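What follows are several structures.
In what follows, subunit A forms one complex with subunit B and a second complex with subunit C.
Right after this comes the complex of A and B.
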């Protein structure tokens, strides 16, 4: 057992990627229901392997290992923090998708499960890639898997949404590639670890390249105003596509932005320009996402727009370029992951599309109602939730750097959260059910329970978040102070 | 019982009470006993804490550490102990009255109503004993969320609209104004712990102090400072037991406690730096008092009239707290007790009257005292206290307030005059009403419940009215008891 654990730890950087890829291949070959179980187990294994490394390095302060020669991977603080988060989110989403798989044709279930694991592979790869080329390839893998998953959903609307995603993703990819090209011409390297010490010939061009790269990924993360594709992608509430895309897809892309920013926004030569770009984009996303969420009439879209507002907060954090800023971004990322799981899971459990479907859901489906309420109060930034903690850390870091306006943006997001979150809670608990229950009603509906319960527990972690804060602080410090 | 255990008891008992009330909905008798016993235990714990505060025991309870150097902490100090004892003591009467009301009105969801009343009580206790601004903010938000279901209890469109107004106003003010002030204070003082003498004392410049004071006071919308007072009249259509909680036992007192805590423990001597803002806010509160009392005069529905009347009384707390004098703080603390006693009694009396007679309009009250003498005797005494007639509680609070405002150190004769005008207007909207109810000709038409009010409905009103005499005998002792608050005040 110990030997197996040692072997696992020796190959800890590569193992999650192998598990995800092999799991995807096996899921393709299995019967429909078995493919679901296998994919879930593969994601859980990924979560276990990555969490083991994270706990040892970020909490127990074990030394950061060096990746075996020849494998183009690079371990850093952000990657170490975000990888288990990603894998856990994917595992929960995969487990929950068991309840809503009937939304797509039975014969495509194995393929859908394989695509989710491909997404996980892609985002984990982007969080561990050693150079920008590797990051690009990994992001594309994840994104194309997302598009394909959406395309397999029933109905022309889903196909239309997939085409919009494909188009938007194409633009994002072009921006990223252009950025890589310009960046390479100015910096002379694609190695992430070499950026901080590289001799940069043209700072403006390098900053432009970095900005385009971040813009490309921001488009895929649904950062406002680059999130036009979301309207089409989040039309159907119940299927696995919205569930996975709203959780795994968004969190993965945001984690990659934080990691890239950890290298480019902290560079002494180009950091300032990149920070300004991130701050402007972040501020705009907070405002636009919040306003759109207030006006949304569809729960999954509301969750997506509120997520865009939260994503803006994350960009503001990383724009600070300090260890405290990166730690705050990671806490916000965790808070967003918990809220997204709660809202998208709750929407799938209740079959909620229009907000009217929420009426009385708190009584008809108590766990789903509790999850949506938890997500709503976390998005509001109510005290003692993970959402409040994330915002508090942003304000703390922002005020420390003299960015008072960032505190203003956070308060604006919270105020908007009061309106859209309050509306959700009122419908859940203070209205009579006006329609039949739309959610899954067979025994498989219990597959959603772990996701909903985990999201509620995660949001409640805001009461005693010492472990999370320690890990986030270590990750931020390791990213900026301990570049390998 | 140790003081720490009593502090835990005062916070946890109402929560447990709420859970038990929901779990033991049937038989109704058991549910009501649980509700009343829970309120009684809370009151006993609060009384124990008054003893601890009088002995100047150091009692602190940290429930969690949600932020690196800020805990979810509670501490026993004189202001919190006094408020908790008064509110939980009246809470026992309210529990008995609520048990009678849900029977008399055949309430459809009595357990839910009682459970949220208990949860509101827990949050109010947490507000009173909060040890720092963060804990206060958490408790304040919890109180808002606990009372929202009470406001929207009826579930019809009108109730939902009232609930939305209530939630939007209180949460928006606390997040949009109070939260920035809290963050700013943290940035200046590096901590959020309440300190006798003020955490901002000597650390804040004049412009910052003025802005911070405005943000804090307006952020505490529970104090009903105009223009953030719409939630109060809007919520006046809530069920009668909920109204007692909103106006007498939880929301308005919590707003008052918040303003006093900010003035004494956040600003302290720094209130002098914020002189411009405090004068403006005192002026706003004074004018608001008069206008609220005037609007009350124009309202025919008793619930709306009481809502505006309570608003006027709540603004007196704000004026006392901001006058930057020890006697102002004392007046504000007394006013919270007086307001709680009078508002609770009046709301219960109005509820009893409505349950028995279905009458709620001013013109329908003529002669009702002839058929419900106990209820309307209580109504009259509580009205006298609200007006500020001696020897009732309201008189002592207003006397100290006028003295503080008009004293040479206060130098605000105009503000003292506004308090006097508001008292006259309060007399105009409550005095004749009580008099006509007691002296008018008894109505002859049949009531909804011709057998009259049960003891569960009448006794709490009488006992509440008796409580309005409390300050007559306790004022001196309270001055000594509360002195640690202002010993370091400006």
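Right after this comes the complex of A and C.
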């Protein structure tokens, strides 16, 4: 057992990627319901392997290992923090999708499960890739798997959304490639670890290249105002595609932005230009996402727009370019993941499309109601929740750097959160049920329970956040070359 | 400024124009085929730009593979749009979806 654990730890960087890929291949070959079980187990294994490394390095302060020679992977603080988060979110989303798989044709279940694991593979790969070419390939794998999942799994209404996603993603890929080309011309390397020490010929061109790369990924993360594709992608209430895209897809893309920014925004030569671009995009995303969430009439779209507002907060943290800023970004990322699991899981459990479907849901489906409520109060930034913790860390880091306006953006996001979150809670608990229950009614509906329960527990983590804060602080310090 | 640098800059400028034209079509076009053509054009511009800037071959190959997969998925989605809706224009498919959502109609 110990020997197996040692072997696993020796190849800790590569193992989750192999598990996800082999799991995807096996899921394709299995009968429909077995493919769901196998994919969930593969994602859980990925979560276990990545969490083991994270706990050892970021919490127990073990030295950061080097990846075996010849494997183009690179372990860093943000990758170590975000990988288990991604894998855990994917495992919960995969488990929950068992309740809503009946929404799609039975013969396509194995393909859908394989595509979810391909997404996980892609985002984990982008969080561990050693160079920008590897990051590009990994992001494309994850993104195209998301598009294919949406196109295959949610009936004909999702086809238009899939095409919009494909178009927006194509533009994002082109911008990313263009940015990589300009960056390579100025910096002379694609290796992420060499950026800090590279001799940069033209700082302006390198900053432009870095900005285009981040813009390309921001487009896929649904950062406002580049989130035009979201309206089409989140048309259905709780199909497997919306469930996975709203959780795994968005969190993965945001984690990759934080990681890339960790290399380019901290470079002494180009950091300032990149920080300004990130701050502008982040501020715009907070305002636009919040306003759109206030006006949304569909729960999954509301969750997606609220996510865009939260993503803006993450970009603001990252723009600070300090260890405290990166730690705050990682706490916010965790808070967003928990809120997304709660809202998308709740929408799937209650079959909620328009907000009218929420009326009285708290009494008809108590767990789904509690999950949506906890997601809503976390998005408001209510004290003792993970959402509050993320915003508080942003205010601390922002004020520490003299960015008082960032505190203003946080207050704006919280005020908007009170409007749209309050509306959800009022409908859940203070209205009479006016319609039939639309959610899944068979025994498989219990597959959603782990996701809903985990999201409530994660949001309540704000009461005792010491472990999370230690890991986030270590990741931020490690990213900028300090000791964990 | 030598002719080589001039040529590089001219190719990069042409690549940027291709990328921008393609991006507009991929983002804003209502027609699925035009959207796919926009993706192809913008990625072609990006690859041309990478070539002009002297990017490593591995990146060029990865970019070419990405275009191929994007277009393959896009073609599959377009065929399904035509089969399911009898149209590939976004306003027509959106109209059909709105009719499906009307009370009393099966989705």
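Criterion: the second predicted complex is superposed on the first by the 480 of 484 C-alpha atoms of A that agree within 3 Å, B and C clash if a C-alpha of one lies under 4 Å from a C-alpha of the other, contacts with A are read in each partner's own complex, and residues count from 1 in each chain.
Quick note on the criterion: contacts are C-beta pairs under 8 Å (C-beta built on N, C-alpha and C of every residue); 3 or more make two chains touch, one makes a residue touch a chain.
Here the structure is a predicted model, which means the values were calculated and not measured.
Participant: After the overlay on subunit A, what do you see for subunit B versus subunit C, clash or fit?
Facilitator: fit
Participant: Considering only the touch criterion stated at the top, classify A:469 as touching first (subunit B), second (subunit C), both, or neither.
Facilitator: A:469 sits against subunit B, while subunit C stays out of touch.
Participant: Would you sort A:8 into first (subunit B), second (subunit C), both or neither based on which partner it touches?
Facilitator: neither
Participant: Applying the touch criterion given at the start, work out whether A:34 contacts subunit B, subunit C, both or neither, answering first, second, both or neither.
Facilitator: A:34 contacts neither subunit B nor subunit C.
Participant: For A:407, using the defined touch cut-off, is the partner it touches subunit B, subunit C, both, or neither? Pick first, second, both or neither.
Facilitator: A:407 contacts subunit B only, not subunit C.
Participant: Based on the superposed arrangement, let me know which partner A:136 touches: subunit B (first), subunit C (second), both, or neither?
Facilitator: In the superposition, A:136 touches subunit C alone.
Participant: With both complexes superposed on chain A, which partner does A:174 reach: first (subunit B), second (subunit C), both or neither?
Facilitator: Touch status of A:174: second partner only.
Participant: With the two structures laid over each other on chain A, which partner does A:430 touch: subunit B (first), subunit C (second), both, or neither?
Facilitator: A:430 sits against subunit B, while subunit C stays out of touch.
Participant: Touching A:419, do we find subunit B (first), subunit C (second), both, or neither?
Facilitator: The answer is first: A:419 touches subunit B but not subunit C.
Participant: How many degrees apart are subunit B and subunit C as seen from subunit A, counting from C-alpha centres and rounding to the nearest 10?
Facilitator: 130
Participant: Can you give the closest approach of subunit B to subunit C, taken over C-alpha atoms and in whole Å, for the superposition?
Facilitator: Value for subunit B versus subunit C, nearest C-alpha atoms: 25 Å.
Participant: Can you check the complex and tell me which residues of subunit A touch subunit B?
Facilitator: 380-384, 388-389, 392, 395, 399, 407-408, 411, 414-415, 418-419, 422, 426, 429-432, 462-466, 469
Participant: Taking the complex as given, what residues does subunit B use to touch subunit A?
Facilitator: For subunit B paired with subunit A, touching residues are 64-68, 72, 134, 137-138, 141, 149, 152, 155, 160, 163-164, 167-168, 171-172, 175-176, 179-180, 183, 187.
Participant: Mind pulling up the subunit C residues that touch subunit A in the complex?
Facilitator: Interface residues on subunit C, with respect to subunit A: 15-16, 19, 22-23, 26-27, 29, 32, 35, 38-39, 42-43, 45-47, 49-50, 52-56, 58-59, 62-63, 66, 69-70, 73-74, 76-78, 80-81, 84-85, 90, 93-94, 97, 100, 107.
Participant: Residue numbers of subunit A touching subunit C in their complex, please.
Facilitator: 132-133, 136-137, 140, 144, 147-148, 151, 155-157, 159-160, 162-163, 166-171, 173-175, 177-178, 180-182, 184-185, 190, 228, 235
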